[in-house]
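In this document, chain identifiers A, B, C and D correspond to the written order of the chains, with residue numbering beginning at 1 in each.
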Amino acid sequence: MLKKKLNLWHVLLIIIILGAIFPILFMVSNSFKTLRDSYGTMLNLIPLHPTFENYSLLNKQVNLLGLTWNTFLMATMVTVGKLLTGLLTAYAFRSYQFKGKMLIYLIFVSTIFVPFTIVMIPNYLVISKLNLLNNIIGVALPQLCDATGIMIFLKTMEKIPNSLIDAAKIDNIPNRKIFFNIVVPILKPSIVSVGAIFFINSWNEYVWPTLILKDKSSFTLPLALQNYISSEGGTNFPLAMALSTIMVVLPLIIYLIFQKYILNSISNSGLK
Amino acid sequence: MKNSKLKKILLMLGIMAMAVVFAGCGKKTSASTVKHITYWHVNAQTQGGAAVDDLVKKFNDTHKNIKVTAKYNPDMYKGLMQNLQSAQASGKVPDITQVGWAYDNYFASNFKYMTPTDAAKKFDGNNKFIDGNFTKRTLSFAKDSKGKLVGLPYSLSTPVLFINKDILSKYNIKEDSLSTWEGIKEASKKIHDQSGKYGLYIQEPGDTWAQQGIMLSHGADIQKGGKAAFASDNGVGAYKYYQEMVTSKLALHTPWAQGMDSFVKGDVAMAFTTIAQASHIKKSASFNASAIAAPHFEGHKTVVPVGGSMLAITAQDSEQQKAAWEFEKWMYKADAAVTWSKGTGYLPPTKVALESSAFKDYVKENPMLDPAVKTLDNAVPWTSFPKKGLQAEQAMIDARDKILSGSDVKSTLGAAQDKINAEQK
Amino acid sequence: MQNKNKKFLPFLYLLPTAILLIVFLIVPILYTFYLSFFDWNLIAPTKEFVGMRNYLEVFTDPVNQKVILNTLIYIVFLVVLNFLFPYFISLIVKFFISKMQGAYKVLFFIPSLFSLVVGAMVFTWILNPVSGPLAYVLKNVGISMPNWSNSGILAITVICFITNWKVFGYNFILLLTGLGSIPKNIIDAAKVDGIPKWRLIWNVILPMNQGIAIYVLILTIVQGLQYVFTPINVITTGGPYYGSSNMIYQTYLNAFVLYKTGTSSALAIVTFVIFLILLFIEIRFVERKAKNYA
Amino acid sequence: MSESNATIELKGISKNFKKNTIIDGLDLFVNAGEFLVLLGPSGCGKSTTLRMIAGLEEPSSGKVLIDSQDRNQTKDDGHTIAMVFQDYALYPNMTVYQNLEYALKVHKVPSKNRTKLIENVLDTLNLTKYRDRLPSQLSGGQKQRVAVGRGMVKKSKIFLLDEPLSNIDVQLREKARDEIQKLHVTNNQTIVYVTHDQLEAMALGDRIAVMNQGIIQMIDIPENIYNQPTNLFVAKFIGTPQINVIEVSLKSNQLVLDETPIMQIQKPGLGADSYYLGIRPESLRCSKTKQTDLSFTVTVENIIDYGRFVQLLLVMENSHHLKAIVNNNEFKVNEKIFVTLEQTTSILFDLTTEKNLYWGNYE
């Protein structure tokens, strides 16, 4: 009696998987279609006359390597920044008592809920005054701190029993050593997973970079897609899909490698 | 004692990190005599981007003392204008830039620039270059409301009616019946009744260029004496005609990208849009596509606003201006102008280029260009309002959206006109 | 010497974050607040003081009123699509199936690896009301797809669906692991007592899971409104006639398209106040509730 | 099969989990109203058996009969069986009163009866003071009582308890045991009680089923379990300190350990020549003087005085160790004393099958 009911739910879940995966298949299949096929034979996932033309055209028209490098640079800077500030802040909260600690913590947590638009204009002006427009650093600088990182690290650090830290203190191991040789190694799994999530999100970011990066040579991959949405000349859909497919390669690799970490660490960010 | 050691190290780390961050952004100063000028344009990869890069590369190779770097601005002329505004806020303006016709007055009244006539007088000593290459009509496109020449016309385009010949022949509609909007409506009705497909799609990008064309071809004026005048009977009549086609499903009302996709897919028989779409349609359509001249209402003659942009010199320092002027003149040479036209699908701006054999053979290969060249003769400057140009354009776009989703034409157009005129005091 | 260091050492650790937050968050918020009392187009050297006019305009201007209404509609869609739906599915995967839980987690997460720009482009193509593949399939089945790009509500629906495609996986996993913290034998106890699963979920599981659920709910709204920015910008740019714009996008439009920084800042402040109220609810609700179940 | 309790029968039950079999071909019959204890080391399958009775686990093969009806056929109405879990499984968001009331409310028991039932249970378990407290505000003992209360309130025919006392500190445990004992007397439900603590088993069980590696080694009344264990495992598992086991050989009618005869036996039908001899520590008679000619000498290596009794650790010539229990401490460490064994108070096990040979005369 139990067996039949079970399949019903699986049917629903598989439909959701199809909904999640089909657009990806559609994207990849269109990246191998000719422009005429993408209009003519919309429905068949297997291209009628598959071609590699979009990828070679893409490489000729746009400096793929340069774009990927810009995106990689930005994503790495943002990730390293967020990890560093997250770790240091969490450690401060974890092992010290000081005046106004709760207040400062609440301020940090509330930054998650600040809408991006309220800091948009002033940050834009700051970056342009610092002459960092069209510069990857200009994009990365305002994003070097993320409260989610602080929360996750704090939660994982709270799991470290005080006895461990006290034991180290008794052997008068200096603070710095405690931080790097005890705290960080224990946090390695959550550092890896949080880092992977920060990297992927920053890799795919579109809104803030569009305000800062105006010159094609400084574009990141999501912005390069704009090149192909120009309505004046008509959208070259297959070309855009080729770029989209290339864009997801690195996040997919990171996901496959760290998938176990990522899926578990997301739980920490939520657990109250 | 051990804590202070930690403090020193962390402090040092902090300073070092800050230093690295700021080092990356020092001013690039090049002492050599090579003049660096920046050229802003709106040509995405799919629409002339490659042509711009070729031209700039050819120029840099042949001119040792000037180095041009081209900068692409997304979201067409509106996007470029926004970037120009932000650039001026941070004090780093380009040396030479494309300016969309719609922003002619807005550009002239908000930004510091050098007129072509001053540049010719200061650097050539005479006006020969301008008078020799441009007709009175084309120059008129680039004049502001006070008649001052702001820049030199660079890309010219006119709206044309792209047609799906297979559909037309299927429902035996003769091409010449489509020279008037009434003929188009009739054809659309026949197609819609028999196939359920849409007859017509009129482009709806981030400007009302095509819609202005319909009103002008119904005898209306968009602007008179610096004031908006499109809410006249003729203007309202034209828009009502268009609205009626949309509500009775003869014409399709949807954003530009989707509309053009539907035409290329064969779900819409005719598309009234810029000639610049020609190469894309030719490459993607799997039906027999061609183009005919922009239609007019019965009893009126075809009048269309010119599309495209002009080149304006925004460099402030005279050395930069000189280099920009030289680059501009080189861009107008026949072969450069034809390459530009081939790459973007626009019409070449100068007389010599229009009559050059290279361009003639190109038109023979791409017959769709022919109607566009003919319509050039009945093109008028694109109306751009002197004050708050961005908001004026937005008001007309909003009016279009409201009308096409059913609101009363007369009151909506009237309200938009008053809103614009309130700003023009 | 010794304890003096100890006292301000923690502040040294907090220094980098503090500097970044002050320069790129706290000062900007104050500056935006300052800007919201002026009329300035970002380039003119002078700013014209207009007092509360911008705030008045936020609530009186018909376009802004429509935008505020849109924002509420967005919130309803976001809560249903990005919160209730993944929550329902996480309950199913947690309590109603025994095999393949791991596989579902892995596959559901994949779309969140994509940039929303890609999602927007793919779905605009698929959902083209006249000539998209979906429209074509529906036509064969006799249903004609409505032209969603002409009506505000339908455009919002499509935009929220596209955002849901990307965000569903992330929220699903967040909620699923939240359910993981519930001791397994409670489910056994209920089973022995013959208590139907849904009843148990309603009376025990949901109340216990309230802490993380509220956190995810408010996160969905706050981040959701900022996620939809990308599809709006790529597909409808707020059209038709601001029918698909929301307070976040309208702030961008006013600032970087119409160059009315005053109106934009006022809108941003109002949005910020609404988000603060949501945050206040979260802290009061989640902190208080979580305490006595620990 | 009276109204207030039911029989439980497991027929040919086996359960495997990912390739390794936990329970293999188990048959068990629990009489109506009986208090059966499942006793065994951890991992012996006792909890799994209980969970199969409760319907929380599906047996890989075999049938579970409640009142001789197959569990899979009958619709599980949640009335017949109540269960208490090792870590109580109380609903954390409900007060004590609500915890007791929840199952009744779900099964639409009229509120008047509900309150009566609950008040009664709260009173018997003297939890009335804590009725409005949340589980997180209760002590371990109180939580355990609420868990038991939740089972009692249902007035179910069968009551299953899965090591309910293992998380309670020792002094409270005895009192809790008496309450469960009282509960069985008053409600007369069929109770199956899982534990790894032999004291609880001996104290509570009408019958005890000793399990190991998924097989019931022996099922009998506590007394037989203690005195006549069917095999060496049961003998060793029950009784602290553990039974002494020595390898002896049979010479005519004497059991000999390394050439010293230690016991005179009548020997009907004992074939093999060597066996295991099991002697409970309290059956070793220690004395300063030789009692019989078969008493052998040992030296006292260690003495532990537990108050109620004294435990001696004795070393034989062949350095084999024996433990003995005496009630007064008349011996001193390193003193040489005599040990005398009797056939009636010791058990003979087969060397290979380790089965109890009942000295050759099978009952």
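In the analysis below, a residue touches a chain if its C-beta (ideal position, glycine included) is under 8 Å from a C-beta of that chain, and two chains touch if they have at least 3 such contacts.
Quick caveat: nothing in here was measured; it's all calculated off a predicted structure.
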| item | value |
| --- | --- |
| Chain pair with the greatest number of C-beta contact pairs | A-C |
| Chain B-chain C separation of Cα centroids, rounded to whole Å | 36 |
| Mean-CA-position distance for chain D and chain A (Å) | 57 |
| Where chain B and chain D are represented by their mean Cα positions, the distance between them in whole Å | 91 |
| Chain C residues counted as touching two or more neighbouring chains | 9, 13, 16, 42, 125, 132, 256 |
| Shared interface positions of chain A, touching two or more other chains | 42, 141, 175, 210, 226, 229, 235 |
| Chain B: positions in contact with at least two other chains | 3, 6, 86, 89, 257, 261, 265 |
| All touching chain pairs, where touch follows the definition stated at the start | A-B, A-C, B-C, C-D |
| Chain B-facing residues of chain A, complex | 35-36, 38-40, 42, 61-62, 124-125, 128-133, 135, 137-138, 141, 172, 174-176, 210, 214-216, 223, 226-236, 239 |
| Chain C-touching residues of chain A, taken from the complex the two chains share | 6, 9-10, 12-13, 16-17, 19-21, 23-24, 26-27, 30, 42-43, 81, 84-85, 88-89, 91-92, 96, 98, 104, 106-123, 126, 141-142, 144-145, 150, 175, 200, 203-207, 210-211, 221-222, 225-226, 229, 235, 237, 240-241, 244, 247-248, 251-252, 255, 259, 262-264, 266-267, 269-272 |
| Chain B residues touching chain C - in the complex, by the definition given at the top | 1, 3-4, 6-7, 10-11, 14, 17, 78, 82, 85-86, 88-89, 110, 198, 206, 252-255, 257-258, 261-262, 265-268, 390-391, 394, 398, 401-402, 404-405 |
| Chain B residues touching chain A - in the complex, by the definition given at the top | 2-3, 5-6, 9, 21, 24-25, 27, 42-50, 71-76, 83, 86, 89-90, 92, 205, 256-257, 260-261, 264-265, 274, 276-277, 279-281, 283-286, 344-345 |
| Residues of chain C touching chain A in the complex | 7, 9-11, 13-14, 16-17, 20-21, 23-25, 27-29, 31-32, 35, 42, 89, 92-93, 96-98, 100, 104-119, 121-123, 125-126, 132-133, 136-137, 165, 168-170, 173-175, 177-178, 180-181, 211-212, 215-216, 218-219, 222, 225-226, 229-230, 233-234, 248, 251-252, 255-256, 261, 264-265, 267-269, 271-272, 275-276, 278-279, 282-283, 286-287, 290 |
